[in-house]
Structures are given as structure tokens and as C-alpha cells.
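Several structures are given next for inspection.
Next come two complexes built around subunit A: one with subunit B, the other with subunit C.
For the complex of A and B:
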């Protein structure tokens, strides 16, 4: 009964209006109306008694309001043409859209047909579904620390499966936050040495979410020219004003920073001081170079910028403990305002994370689109990432010493191969190789110019040749038409700590043979 | 392949696929399975009764044929006014608290001021909502769980001693009824045939692929699953992406670009908005689920061409969702397809919530409306919901998918799908399709169970006088709460009664229509649903949520009167 009476307020209102049929009620209303009308009339009469100017002014004002409200709304830059329905129908009939996607070129079709198809697990050695069933040495996957084919993790993964299932069936905000997610976040923050961390379920989307979450329209981003595609996309999505500096050129960066600050001096009002960011990568995906973090930090302080650092590749690879670029240069991680990392490369799981101050991490939980609007990472992958980091903590030497040894060995061996160009920092287990321009010129007997497709085709042949010698390589793939500055075509090599010295030598040998076979071919 | 084909044939030969179904895809005349979970028998009886006594009209279902979402018009004006007033009050108080806070506790507001030459990371105005409004009800969100988010879920108990600024875990775990997770078909499991398959796959294929799909991450397991997805949704080919959000955000830019037009439903998901922005195409919006407005936008856009230059558009992509998860509404696919035939645009349907959950065979919105999926140019969906996995797919013509395999950002730059997720997708999908010979009937049982649960729950809610939204048959049932105070109150009351629900408010919904969302699953038993309904009814009385109570009472009184009239006449 209590609920019944409580539910009545709307009903009362309804009742009051419904009661119009009642005669006495109507009489009362009319009296009240008459009374108030007369009051208003008398008030107006009194106030305008001796002031014709005021009356005139107010009439004008009312006229203006009516004119303003009834006049046609206009849009800036609108040049629409009035068309009759019949004309529109004709235009609709005339309109022929382009096909949804263009047709693939011959080379693209070839690439698709010949794309590597793995039969069984990925790891130091892989088996391809096509061709013979011989196992190939894998230098294509980002298996720097050999975590992908670590049998211990598989056991743990099955235990996790039996507790957490696979999917989390919801975004983190809606009962998708597992205890293992929170543990991993804490673990990551502690490992990197930052205040807090937040997990995203895909590495690419991490960057795509973090940057637009803080850098908005009107803010300023100064970015390295050679940053990877996800950073380019994130910068585009943020709609901030962007300035590019020459790849890893600190003098050029300083010039740009000075320029930006000069433009901002004397600005007043709301946009007087926008947020300003330097955006760069720890270990460059497209070149294998390492950012000079110490210089960046110094410049950041001098010119009052913040640093957004993409450590996707460097996390788990660089530094004594493997904690990334800050570890490598022994810089306090707090100097990096937004540190973005990935768990899908060296760590061998999936997803990404962002380390930042506590407030900034909490802000992302509501404003990071990839966090708020997508399902959380499966528990299995979170536990795998935790395990991998624990393995790094317990035995850093075991992983990094051999990985770096292998990397420098391979690099020195490759540099000896004539006609081959090797790109990548000495410490980097990721390197790009390509044929030198001179070799390319020599190869083309007809003397015509090399198009990108020609070069790609040669590299594809190189990959195939190496495969014959038992080494699995891949071309670095790009979406050519969307890259801001398309990197030169290359083959990307990833060295793992689980490669033996013999494997490295075999790889170098295979590449040498492949290069000589490809370059000697007439075209 | 042969095995699978045969299994399909065997599956098709059983009689139930040709069962008579009503327009919502519900089996008419009861479920033919005697193997159905123990709870379904009673549910079916009840459903049978419901169909027999169609005389009592449920007010929520009446609104279905109307064109414009008409819920707001039906809102009593008193509620409208009080809701706006409450928001006004909240905002005034938020500003007051900020004003005095900055005056007396400047240390707490350091983040919002310029510090040694750096602009604040988060602007004062932007964060007002988060700090002062969301902060009050933070305990209703991000509630951490442990274990599987199945029909019931284990919640980690937490308390806050500083008004939701921080939380402490008490160490207790609460098992609550889960009406929040998108576990529509109940595949979020840590045991059973799917989990066994996942375990086997883990042992055979490892955990992850350590590369992108275009480089070294393409495995037989992946391509086989892609083929199965294509077969499932009924298109020529499919591409699997390792994250649902990324499926939209990273694939739309590969299809449209500068000089193209995207026409998007105004309530589209954030990932679609991100994808559209990244593509560089012009974006126009049409009124939610209102095809006449879509047509108006189309006619204007095609006839006027690109802004300023008046050149014709290269292509036009209309982006809609199959099932709008905040509203529980289906897109008007047949009408949109009609427009597509006339205007020649390309159609992108995001089936994130509808795939697996809708249609008599679980094939999503096309199956629900009985439309040929090949008429839709791009079918996108996720595995997070019905399949209990993660990630998503894009399906369409072979030409489209082949192009995307080389040009989609997700395929070229993002990590390939991990092994356990792939195994979960393929095993659950096989089960739904009835290709899993040992469990050939279980998939269909789950589909039927979901349809029954959904209809039952929605009908009972409407009968109680609640104001629900959405189309009948939707596994997401939003219930309108309106007032901002009722939003956390509902969530907390539910939690007190051991029910986990999701409440949503502005900015996820229009400011006025704060709501609670019930996600129904096939793993809910009749007892679960009845318990939940009973508790929700109590909460509804407590929070004055039964806005239609009088109408329902009047309708039932009228029905009783009519019945007694009839009986008198007979006498």
C-alpha cells in the first residue's frame, strides 16, 4: 500500500487537469485568470505612463527578436543549390559509385597467394603448410625472448583457462575487469617503475586511444618523422596541430620546439597555453633505431613539453632489466609522461598498456576509447604476460645476453654481405635489410627506373630463396597509400634469444646465398 | 570440410530447423527438444500460456511499429522536469564544490592548473563531469570480478572510505547473478566441450602468433576459422581481427577515404565513429533508426555532391548497427536494403551484439529479418559477446576481403588473433551451427533458450509496469530510470540483492534517459530470472520506477471485465 501512495505524484497532476469537467473548478480558474490579467495590465499601464521612448524601444526590441528568430539560418560556406524533386531523382539515377574496394594489382594478388601459411605453432622454428614439411628457422616473428614457444607458459595458460574461461564478455567498466588484469597492471607499473598502468586489449589500439585521450583539437604535437603507423593514426585522430622533425635529429627537434614556442608567445585567452607533446618511439619499428631519450628529456624540460613515448618494441628488449628505453638510458621513467608499451612483441602475449601518473591512468579508464568501449583482454593472455615479466625479473641475464649477442653477431655477418644494406641500432634485435641502390642499378640491365613494386618483387624473391635454405623471413608490410612517409621496402629480421649461434650463421648464410642468386638473375 | 558438410546435412534433416516461428524468431508451440536444460520446460509452458492469452497487451511492445523512438513522448512531464532539475542541481553543486574546493583546498586542484609552464593534462571543464558526477557513483562501475562471467559471477567485494576516491578490497568474494555480461549464448565457460577444444589447441598451437596477419601470423587455424566465419554469416569470405574495437576503427579507413561519404546512425558505437574519423571521409549523421531521415540525407548528399566542389561522391557508405546495445533496438534492415537498391550506396552493418544472439539460427540480424546476407556489403561482428571469446571479424565479398587482407590496418600492423581465442571461436561456432557431432543439438538449444529467456524477461518487466525499451527478442533489455539519483540507487540495490547489472547514463545515452541494461543469457535458469524479476519489482516499488503501473492495471482490469462480460453472455 505504501508503494501505491508513493507512486501518486504524477497521477495527482493528471487528476488536476482532468478535473476540468467540474463546473466550480472552472469558475475558480476563470476568476484567477481575470485577476492576474488585470494585474498585468495595470502594471504595464503604470510603467509606460510618461515614457513613450521606452515603449518605442521595447517595441523595436520585440520586432528585432521576431525578425531574428524567423530569418533563415545560414551555414558558413554553404553553397547548396536548390533542386526540384525531379532533378534530384535524375541526379540519383545518374550517380554511379566507385567499387567499394579497387581491384588488386598483379603483384598484390601474387603476394596474397604466396603469403606464408603456418601449420602449427609459431616459434623459433616453424612449419609451413605449403611446400615440404621441413621446419624453417624463424626470423620473421617478434619472438625476441623466446616466450612464444615456451612450454611453461602453456601449462599456466591451461590452468588459467580452467579458472577464467576465454573471453571476459564485457568491457572493463561493466564487469570485465578481472583480478588478473589488476595484478598485471600493478606488476607492469612496478616493473617499468612508473606510478600506475592501464591495460588495453590490442597494441595498435593502445596508441590509438591514449594520444587522442589527452591531446585534443588545439593542442600541439611534435613528432618524429619515422614513427610507426599507429602513432601516425593516433596523431591524426587527435586532431591536434602536428609538426614533424627529422628522424632522431635533436637539433631539428630543438628548432621545431623553438618555432612552436615562438608562435605561442603573445597568445592570449583560452588557447594561450595548449598541451604540448613530443611524440616518438623507443625502438623504431620502421628503422630499428633507438631514440636518444636523455636529450629528449632535456629538451622537454627546456621547452616545457611532455613526452609521449611508444615503447611497444623496446619494452622487454632494451635495458638491463628489459624495462625499455628508460632502463636502457637509466632515466627516471616518470620523466616520460605517457609511456605506451605492448605485450604482443617481446612479451609474447597480446595487448598493450600505458604507464602514467595515477590521475592520468584513471582519466583513461573513462576517456580512453579503446579501454572504455571494448572488451577487456582475455584472462589467459593477461596471465601469460604476467608470467613473462616474472621470468624476466627472475632471470634477466639469461634472456638478454644471448639475444643481444645474437643480434650483434647477425648484424656483423650481414654487413659483410656485398650488395646488402643493414639498418638498425647495434643493440637492437630488430633490423631491416635491403639491397643497396648500386646493386639495384646494376641488376637492371635495361637501365629503366626501379619502381617500388619492382623492389618489392625482388625482396619477395629473396624471401623465397631464403626459405629454400630453411630460413623463414618476411618483407616488412605497409599499407602504402596510408603511410605518411612510406619507408623504403625492406625485409625485417627479428633475432631471438632462443636462436643458437649456429642458427644465426645459417640465417646469414642463407641470406648471402639468396642475395647472390637474386642479384645475378637477369631481368 | 567433407565432415563438416555432412554434419550440416544431418543437422538440417532433423525437423526442428523448419519449426514454425513467430515474427520475433521464437519457436511457436514449444521446443521440440526433450534434452533441453531442466529449467526450460517450465519456461516453455509459461511462454505457451503467453501466446494463448494474447489479450493482455504489454504497453512496451505496443510501441514497436511506431516510426520514431517514441518513448520520450510517453514520459510523464513531471518525471522529465524532475530529471532535468536533478541534473541542474548536481551541476550547480559540482560547480559550488569546485569553487569552494579551489578556495580552501588548492592542493587538491593542482592537476587542473598550469604547473611550471605546462598546460593541465585534463581541462577543468572537461573533467567536471568525471570528478563531480561520475565520481559520486564510481562504485557502480569497473567492479572487478574473478573467474568466469557466466550466468553467475564472482565479484570481488570492495569498500570505499573516502567517497569513492579509492577502494579497498575486503578479500571477500560474492557470487551474484550476472545480468550484465554480454554472455548471450552462455559460452563464457571454463569447462565443457569448448574449453576442452581450447585446451587442445593451446597444446598444439601455442599461445600467440607473435606477428601480424599479413607477415608471419597467418596459420592454418586462422584461415580455417575465417572460412568458418564466412560460412556462418553467409558471405564469401571473412577476415578476423584480434580486437572488436579495432575491427571497426582500423578497417573502415581501408574502404573509404577522402571524397567519400559516410552516413552514420547518430547512436553508432564509438569504434565506428573512430573508424569514420580516421578514414578522412566526410561524415553525415541521420536520426537514430529513422529511415525517412536517412533517405533525406541520401537525396541531399547525392544531389549536392561534395561540399563546395559539387563533385559527385566517390562512394557512400551507410553505417548502422544490427542491434543497438544501449537501446535494445534492431536496425530497420529491410527498409535500408530497399534504399540501398534505389540509391546504390554500400552498407556496413555492425553486428557486434546481434551475431549469434539474433535470428532462429543465430546468424544475426540478416537471419532475423530473413534477408540474404550477401545484400549487405560489409558485415562486421565481434566474438566477445555470443561466442565467449574476443576480437571481431569483417565479412563480405571475396574481392573486399582480399583487398582488406593487404590494406586493412589491422591485418598489416596489429597482432594476429591468439590461439585460445581462435579455438574458442571455432568451437563455439561449430556448436551453434550444429557441426559438432557430439553436441549437435546443444547450439540450437542455447539459441532457443536465449530467445525464451529474453521474451519472458521483457514481458514480465512490462507486465510489472516498468518502462522498457527496445524490440521484443533483443537480448539486451534497457529499463528507463530517468532521474540521476536512481541510477546508482538501482545498481546498489541490485548488488545488495546479489544481482549484477549495468547502469548507463549521459554521455552514453541522452541526458534524460538514464537506464539500466539487463543482458539476458541462455545460461540463466528460470529460477535465476524469477529471482531477479522479484527483486527488480521490489526495487521498482522502492524507487518509483513503475511508470506504466496504472495503464497495466487498467488494461488487466479491462481484460477481466471483458472476460466476465463474455462469461455473462454465455450464461
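For the complex of A and C:
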């Protein structure tokens, strides 16, 4: 057999095969094994080269390979505890599952049983489906401009139904866009005075789509504390860092903006310029206030933020033309970077929209989740919205003057009722009424304390009493556990321009009687 | 001391069922094969150069492969496209692989390959000291970056990313 150092691999192989007589498969395998074994031995022998330190390093590396390869895989994040079978059985026996639908409390059951069921459209006068079919004055629906019971709109809608059918059967990007959608988008952009608009099929999810589309993890949102539920959910969905400022308090907002900018001064590189947004509503749903847009724009320019304005309730309500907060304060709409509105409140159709620069709107066509993954609004509703806006354009005075008169009249009448406090801006047709703390104290027997359920119960009685007098009211309802700052219980009133002066006075009278009846009983 | 070595924040989902679309491809057979093929290509390209000697050739192969591994797995943080609202923005590809699980087959493979390339390269450079030191340093950097103890650890503020999570 040839020695290691002199032999070259082919010679080795040849010598090995010559030795083997039968030349079978097994023999070839054995020679391959011999060959590679000798190759490794030759490598090791060659590699020593009188350098023990280096060889030691290499042996360490090989040892590292072997150690690494033999390690079990584990996850740094969660270290699960191993349980024995007996422990698992015990835990399973102890576990009592919570019911899928939790038991209702007494008050929740009452609320559910007494929930109003309307028979027919929820226009200015409604009928309850249960019992007496007396017509009630509707102060609960957001029918600010009286478009719900407009017979011309109904006629046009039925014609459109014959042409377009009921649904659009697809997302806007996938054969769901009709010509009426594109017309409505252009119409909205022109009416508001912004560059472009994009339509969403549901008003509640419009803001949920727009904010996460532009504000992501690592961006900064400064939001008003009293924003409504959909805005709170949108901010949570975006995973941005959120700072809250006191409701409509511009000094507090300035302090927060300065704070944020100070925190950002040390940053370098890619993180030095995150997107920064101020998020607020035009007409607040939970309080009826109006946010001071002029101050917001001034602060935005000074501290380099962008404004996202949720004009769900103020579109079609505020302003000379009804174009919302920008119209009301005579501010250039382009100052508001993202102007979100709803067509389901004053306009009386359904859905929402977002007005912004052309690039921002185009970005939403691919990244706005409500736009990409929900069906577009039906043709009838797009036509109804267009008609409503055209009615506002042709006759602004007719709608807004009476709506604002009614609103201020009702507010002044309600403020005169003892024991009642009214919350809402002077021009706003949406207001909240509550019982004053002094009245509540007076109503409680000595030593009693008010829980939220008790106050809700009192307001529910108030609503019932008002119903007996022919006025349909509603409590402001919230998902209590999920609201960030749960507002105090209240009754929410919505005044319409189709209410007559007598209707307003009847409402105030009914509330006055209800309040006196309810507060006379001690609890 | 605090800027010398820091630990970076991570909002990544360490649930074993979630698939990270940015890093999942390293587990596929083709990626493993590509690694081997890449080493062979490097070796052949450097061998073809007119002025190359075997030592230079193998040293360059080792260095190129270590550089490739460093840039690919440890040098860049985040994802090229939006994933999970930016949850992986602070993590290198190595940290994103397999949801942060250590000692998975892919990680074992990618740790062993640089060592094997290093051993081959020292063998073919006839074990002289300068090239050994260069090769060893390269392999050491790449190996240390892969150790579980250095998961999410950053030196000298490189690749700190953004630490501001709510």
C-alpha cells in the first residue's frame, strides 16, 4: 500500500480497487470510505504545520460547530412551563368556562327590552312599532337638514334604483366603481374646496381607514381627549405614539406640541422626522362643541404638524354654505391635510369621504383598507348624496337659517329649565343635556351615592316620560369599557331644520315636565 | 458605557405560528443551495482573475462571503415593504428569522458555513499568519453577531432604529 504523503488521490483509488477482487458495489463503497478517511487524515496531518496555537483555534472552531449543531432550539420570548399529565388534568377539572354571552345586568335587560323599534322611516315624525301608533316628534335622529323625509329625494332614489340596482357588488378597485361615485367625489371636492376626494362606503370605518393609512408605528399623533369612539379606535389601530390634550384647550395643545418637538430634537437619521398629526373633530359627537380651527392652523404651522379633521357631524351643518368647519371659520380648506366627512348624518345618505391633496387621495386608493376591502356604496346612496349637496348649493339659506334658529331657540328654552345643564356650542344642532349635580344630590335620600347605572336609569325614565308627551328622545350610548374617557351620562338632542317653532317649544315643554316628574321622586 | 452596547426595543410578534414574510424565504431549500453556489461562484470568479494566487483567491472568497453574510443578515434593519405596521423595523434579518427562535436548522446551517469556508481558506493559503488573521477576524465578527446572547444587542449605536413604542 502506498504511503500517505507521496500518494495522490487517483493513485490511492486505483490501488484500492486493484486490491479488491470481486469489484462489487460494496467494495466500491468501502473504497470511497477509505479514500475520504485518508483524505481527512492527510488534511489533518498537513494542517498542523508546527503551529499549535492556530491548530488549537481551528479545533475550537470545529468544537463550536459540534456544540452549536447539537443545541436544542428554543425561543427567547416565551418560556413555557412544562406540566405533567396529572397537573394538566387538575387544571382542566378546575376550569369553569365563562359563558359566551355574559349575563345581562338588570339595567341592561331593561334597556334591551325597552329599546325603541320604529315603524317606518326615522324622519321628523316617527311611529313606534309597539302599541299606540301616535306620531312622536323625533329629536334623536341626526336629521339636521330634514333630508330624510324629503319626497323629491325619494322619487329620485327610486328612479336610480331602477337604473343601478341595489348594491355595487364589489370593492371600488374591482368593478365596484360607478359613474355616480366618480361624480360624487368630484362634487364633494368642489363643494368643500379641496383638491380631491375619495369615497368610503361606511361613515364609521372611514376614519378607521384613513388614519392607519398615513400614521404608522413610530409616528406621532396628538389628539383631543373628547374625540369619539371611531377616532379612538383609529388611533389605537395605527399603533402610533399618541399624546392627548385637554378638550379644546389650545394652551394645553401648545404645551404638548412643544413637548413632542423637544423629545424629537435628539434624534438622528431615519427616525429624526416621524410623521406628526393633530387629530380632532369639527363638531364633537360627545360634547357638541366646535374646535377652534384658526388656532389649530396657526399651531400646526408653528410646530410643523399636520391636521386630520373629522368633520363627520360638521359637514353639511356648519358654515355659510354648509361645507363644514373650514367654511365656518373662513379658513382655506387646503390647510387641513386630511379632511374626513360623513354622508350619513346631515346629508342623509350613507358612507363617508376624505378630502385631501391629489397624492394623498391616490395613496388611499391602494392603502385605505376600507376602500380596498369593502364594497363601495350603492348607487342610490351616491345619487342621494349628490342631490343633497346640490340642494344645499342652490338654497343654503333655506336650510341653515332655520336649523340654527331652532338650535339656539331650543338651547335657550332648555337652559331656563331648573335642574338641567345643557352642553353644546351655540350654533350646534347637536346638544347634550344632563341633570345638574345639585339636583342629583337633592334627589338622593340621605346617605346615598349615585352610581352610573342609577343616573342612566333616571335618564331612561326621563326619556320615557318625554315619550308620553309625544317627544322621542334618546340617551347617548357608549361601549363603556372601551371608551378612553367615558363622558357623563346624557341625553343627546338633534335639532332639524324641518322642525317648526311649535315643535321646538313642544320638545322643551315635554322635557321640562319630564324633569320635574322625575326629580320629584326621591331615590 | 451606555452608548457602547445597548439593547434595542422590539415589538415583534414572537408567536410561533406567525410567519414573517420578510424572513421566511431563508428557510427554503433554494436559499441554502444558493449559499453554497454563491461560495463556489466567488471562488471561481476570483480564481479567474489574472493576478490571483490561491492564497488571494481563497482569502477573497472568505472575505466576500463574510461580507455578504454581514450585510444580508446583520447590517440592515427593518423590512423593505410594510409588514405588520412596522413591528420588525428595529430587527436585523437574523433576528427576524423564525420569530426570534434560536438554534433552528437554518441558523445552524448559516453559522456552520462561514466556519467551513474559513477552514478551507486557511488550508489553501498554506497557513501563513497575515491572511489567517484577516480571515479569522472576518469569521469572528460574523459568528459573534449570530450568537443568541447578542440577540437585539447593538454596539456603538449602530442600527439602533427607533426605540419609541407605546
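Keep this in mind: the second predicted complex is superposed on the first by the 428 of 523 C-alpha atoms of A that agree within 3 Å, B and C clash if a C-alpha of one lies under 4 Å from a C-alpha of the other, contacts with A are read in each partner's own complex, and residues count from 1 in each chain.
Definition applied: a contact is a pair of C-beta atoms (placed from the backbone, for glycine too) under 8 Å apart; a residue touches a chain by one contact, two chains touch by 3 or more.
Source: prediction; values computed, not measured.
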Partner chain(s) touched by A:477 [first = subunit B, second = subunit C, both, neither]: first
Partner touching more residues of subunit A, whether subunit B or subunit C: B
Contacts of A:348 with subunit B and subunit C, given as first, second, both or neither: first
Touched partner set for A:123, first subunit B, second subunit C, both or neither: first
Contacts of A:58 with subunit B and subunit C, given as first, second, both or neither: second
Common ground on subunit A, meaning residues reached by subunit C in one complex and by subunit B in the other: 77, 274
Subunit A residues within the subunit C interface of the complex: 43, 46-47, 49, 51, 54, 57-58, 61-62, 64-65, 68-69, 71-78, 212, 216-218, 238-242, 270-271, 274
Complex interface listing, subunit A residues touching subunit B: 3, 6-7, 9-11, 13-14, 77, 79-81, 83, 87-88, 91-92, 95-104, 108-109, 111-112, 115-123, 126, 129, 138, 140-143, 148-149, 153-154, 157-158, 161-170, 172-179, 181-182, 201-205, 208, 214, 219, 228-230, 233, 236-237, 273-276, 304, 306, 337, 344-345, 348-350, 359-360, 363, 365-367, 369-370, 372-375, 377-378, 380-381, 384, 472, 474-479, 481-482, 492
Residue ranges of subunit C in contact with subunit A within the complex: 11, 14, 16, 82, 85-87, 89, 99-104, 108, 111-112, 115-116, 118-119, 122-123, 126-127, 132, 136, 139, 143, 148, 151, 161-162, 164-166
